[in-house]
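There are two complexes below, and they share chain A, which is joined by chain B in the first and by chain C in the second.
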Partner chain A sequence: MRGIVSEANNSEAFSEAKMSDVAVIGGGINGCALAYELAKKGVNATVFEKGYLGSGATGRCGGGIRQQFDTEDNIRLVMESVKIFEKMEKELGYDIEYDQGGYLVLAHSDEEKERFKKNVELQRSMGLGVNFLEKEEIKELCPILDVDGAKAVGATFCQTDGHANPFRVTEAYAKNAERLGAEIKTFTEVKGIKKEKRFEIITEKEKMFADVVVNAAGCYSKQIAEMVGVKLPNKPYRHEILATESLKPVLKPMIISFMDGIYFCQHKTGQIVGGIGNPDEPSGINTESSFWFLEKMASTITRYIPSFKNLNVLRQWAGMYDVTPDARPILGKTNVKNFFVVCGFSGHGFMVAPVTAKLMSELIVDGKTSMPIDNLSIERFKKGVIRKEGAVVG
Partner chain B sequence: MRISEHPILSFDRGKKITFLFNGKKISAYENETVASALTAAGINVLSRSIKYNRPRGFFCGIGKCSSCLMTVDGVPNVKTCVTPVKDGMVVESQDGKGNLPENKEFKSKKETLHADVAVVGAGPAGLSAAITASKHGADVLLIDENPVAGGQLIKQTHKFFGSKEHKAGVRGIEIAKLLLNEIENSNVNLLLNAGVIGYYKDNSHMLAVVQNSKLIKVYPKKIIVATGASENMLAFPGNDLPGVVGAGGVQTLMNVYGIRPGNSVLMVGAGNVGLIVSYQLMQAGINVKMVVEALPKIGGYIVHAAKLRRLGVPILTSHTVKNAYGNGRVEGARIVKLENWKETGEGFDVDVDLICLAVGLTPTCEILFQAGCETKYIPELGGWVARHDRNLETSIKGIYVAGDCSGIEEASTAMMEGRIAGMDAAEKLGFKIDEKEKKDAFENLKTLRSGPFGEKPRIGKEKMWGRK
Partner chain C sequence: MDDETIVCRCEDITYQEVVDTVDEGYTTLDEIKRKLRCGMGPCQGRTCMRLIARIIKEKTGRHLDEILMPASRPPEKPVPLGIFASYEVGSKNARNCKRSEQFRSIFGGKDE
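Right after this comes the complex of A and B.
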């Protein structure tokens, strides 16, 4: 049996509006990757994107791909994702500017050091090639970093972590999805969803019927879910980021610190790209750039790498994190039949998209997944937050 | 390649100096920029493209493109076209990306400035806005990223048209002197070598300005953006060869620095800019082989075209450049005839070492868009512009536009717009203005736009204001 989709396809056809098996709301990395995975399974998907592809959080993110998390779910998801990223250029036929320069995660206190050592133990037990580094070893691995300036007392390092270009990955998925028959509608905002026998997707331009709806709308997921009466606990938060002028390669790994809330790396274009979190940022949708960020980022990054004082900032911009109470994504079914959610990535949507798309396509088409995702279901919040992801940055 | 004799201009080059370029000694003058001095020394390749390592040469000459980025005294990605050359300077071409400087000593300074009105850009519009606002009592800060004020006026050797109030019959360079003189005798605080890097909301308007290594936070009550425009590029194979130069860039080299950008030139575009610059090229002793224009008719004033024709320069309408060729720099171009915008025949080659592009301008609106001003696409105004009312105020209260960044026109209308914006800003700040003066400014602007060549901006502005 081919699950929900084939079942629904047997019902009578609607003549007045177009028909799609699956309507995916959101043309970010998750929506496009899902459309591709569904198309690979022969399922006809339509992506609705209110702007251009990647115009939300995807195109505004730093492109980092990190496996060094402290909850098993996140570690497992990104480890599987990395396997896909490693073969992506070949599978999708696109240069995605993928670079496995590693992630260097800095510890600033003995307490953090101990916690990191435990994380390494957990990560290694799951098969991740990660090491704990003492202060001297950090200098050896990343000579440009001023370890004292960064106030680092230790670090963890995983070579297979890295980064890729979010626009290129999104485009690669979208183009391949279209090639396999998916339809992608940009500048098409979903204004409403009616649930009757099927879902009726209402946009300014047209109506469309679908058997299945997937909510991959990033920081707008909460509003989309409300259209069918599903309540999500997600909250949107602004995060800011900047890019400098291009340089010859000077920095191999992505450097991050949970204490300072900073992350930065050098992209293949030569630009240093990074951001820093504002602990006082209020919840709300806001993509304005602040001067606070520019000053904070500049003063912090130059403490880490003093020679960056010579660099010009080319651009700064802001995007939205779609944050859940435990900083882990919400994946899977909801109490509305055939309405699925792929949201709440809390700043990590890009890195896990390849695997979540695969798993969601399995759930939608086959009714079961090759990797357990029950822990990430929306049901978990009924019991209260049990285990919060601690490795969050930016 | 320096011009020794010029019918209109004399060049104050300053003292002779020497600098190093890729280890070789180059002679130059202290009043030149790095890129102009290198061009004078016959060096065409200033940088290489990051992705495909293609050679790039002098193009815009006003710090708006990126084809002259070089490493200067160890600092990478320096815009050498706006960087004054200094004795003993070490200039190195970059193989694509630059190297991170080792130097960790970097003293950053901070400053905070307040003003009634901040004017961004000291070209004809900005200068007029600053003078006007200041005259009415406002405390004005005028900011420009270039080492000298005057914008494009300082390279306009031709006489302006229009009536006496519009400074008709006066050369642009003379108008620039008059305006700069007025600034000098006013209370306007002029900030040169200062780039606005961003607009922020910090309870009120805030502009972040970088001057050398100093960060200045400017808190103005009103902002007048007069950032001008940038040269349009034309898509054809070989358009990035050194020797393909924007009309503004050519004017900068010839008329500001007295440097010949080449020996023989193909001019692309027969609008006023193409025609005027062709004539200026001849004044600088450069052989203008021909002017090609893709449209079926000459776009500029007939008097400019007639001057060229009298001197034997062919102006080919319905013709365009198909491709440029050359080894490391322009050696020639293939010209083709167009019929209904379609290429006909095989065309012919023209041997030139310079292809000058005069194919229009695009308003420089980045700061307006970043601030969040409402935008509108109006082809007659040069593309995307910030919506503004008749007083030049945008959708954000207290942010004004004036000159080419409000829609492409010319210097006379830019000065008038600057005046109106300056007056309106002053009035809204509570300063008394003369109603007649404001009315006259509107009348003047109307007159300037009333001729057949004012048609495009007139239609453009009417589209913005919602009238057919």
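Right after this comes the complex of A and C.
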């Protein structure tokens, strides 16, 4: 990339417009973290965000950070991410409300139990501290949970899983990126991209030239890719979530179930925050709240923790999942030279952002990554053999 | 209003904190809500949102109508989960969800 930059600097044709090494489209956690990692490598990035920072999926998400996946790629990515989260408050100088209360993943059938035991074996072989729990052990770990009500027959638990405040993390990355020289343009929508020798980024306010463009536009990444003729298989799906009033600390781990599609935890502010997926949700961009969700969430969570029936719901909202056919992100190069994608996070893009940003900055600046990400390239969909992540909620 | 006047009672946010946040470049209600948590308390901003919108107006000169357009986040009033839960299972006792002393001693939580 250094080569491209110097070549570009020799040309005079663009001298009247502004130049940036890298244009990042999307000011969510992924765009902001990438701008920071690039800035750390001395590369000048400009982030374009059509709303405010975190106004997409990031500011609406649950903030959960889970290493207990069933594909090696996902496990490894989140394990690396957790290492970064653990040092983040120091590195970025921000309170990100990070809490490693663990994730308790419930199994509801013998079949699921067996599958979870296999997952634990794989995860442990990769160095993750995770255990399989029998019914009695679940009760010990989380006395407030009604194990029978939840119809749980076993569970897995990983103490280093947890959650953080997505808005804070995004802000921490953005402020530090700016401190190191990145430019962040909020309320600036990218309307078009022209590819000539360089990329021309067109917004309502101005034009800008960049050597490299990174598409981190969340559920709009498909549209952004189309601007340069790249086709993405992603589809947007609404996902709803709610928050209750604040309580004393009563719930340590995040509780999730793939069968019920539910997850919830208690944030540091005391609120219980959680969501549940709707298997019949049609694809499309929609951030309306539904009564269906409120009923479904309330009836499920009160089955898990009966005393919550007295708990006041304060608000509910919705955000978009940017879903790929195998529920894994798309990272890396495309067939358009110097146009990169960081999208398709399918409901777990907050937790992997710290590590994907790092890897993408390596790919863009050094041309190679410190961890393999070939399995996550867009090319995999052409080959036709994809391994779907099974451990997804909603 | 002076600097220490509380504008958001639920989350204990002062006039000065809001002014500082606007000065930092956060000029929409949604951003200020996320940054300071004001508007996220038990009253869900019914008390403070207009006050905060007025501060934004003073500082930026934008119109109140334009400032006061945050996404609605139903339910409008705090409602116990049990009501919605029983709604689904169709129980007639759905509305019988008064909090007991015992609930409060375990969980804390304020009644309106």
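Assume the second predicted complex is superposed on the first by the 380 of 394 C-alpha atoms of A that agree within 3 Å, B and C clash if a C-alpha of one lies under 4 Å from a C-alpha of the other, contacts with A are read in each partner's own complex, and residues count from 1 in each chain.
Note that in this section a contact is a pair of C-beta atoms (placed from the backbone, for glycine too) under 8 Å apart; a residue touches a chain by one contact, two chains touch by 3 or more.
It should be emphasised that the depicted structure is a prediction, and the values quoted were computed from it without experimental measurement.
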| item | value |
| --- | --- |
| Chain C versus chain B on the shared chain A, clash or fit after superposition | clash |
| Touched partner set for A:L294, first chain B, second chain C, both or neither | both |
| Partner chain(s) touched by A:L247 [first = chain B, second = chain C, both, neither] | both |
| Partner, of chain C and chain B, that touches more residues belonging to chain A | C |
| First, second, both or neither for A:T269, with chain B first and chain C second | both |
| Partner chain(s) touched by A:S377 [first = chain B, second = chain C, both, neither] | neither |
| Chain B versus chain C as contact partner of A:T369, first or second or both or neither | neither |
| Chain B versus chain C as contact partner of A:N131, first or second or both or neither | neither |
| Contacts of A:N310 with chain B and chain C, given as first, second, both or neither | both |
| Overlapping contact positions on chain A, where the chain C interface meets the chain B interface | 245-248, 250, 269-270, 289, 294, 307-313, 316 |
| Residues on chain C engaged by chain A in the complex (per definition of touch) | 26, 28, 30-31, 34-35, 37, 40-42, 44, 71-75, 78-89, 97-100, 103, 106-110 |
| In the complex, chain A residues that touch chain C | 52, 54-55, 59, 167, 171, 243-248, 250, 269-270, 287, 289, 294-299, 301-303, 307-317 |
| For the chain B and chain A complex, residues of the former touching the latter | 50, 75-77, 96-104, 106, 108, 197-198, 200-202, 206, 208, 217, 370, 372 |
| Partner chain B, residues of chain A touching it in the complex | 245-248, 250, 269-270, 288-291, 294, 306-313, 316 |
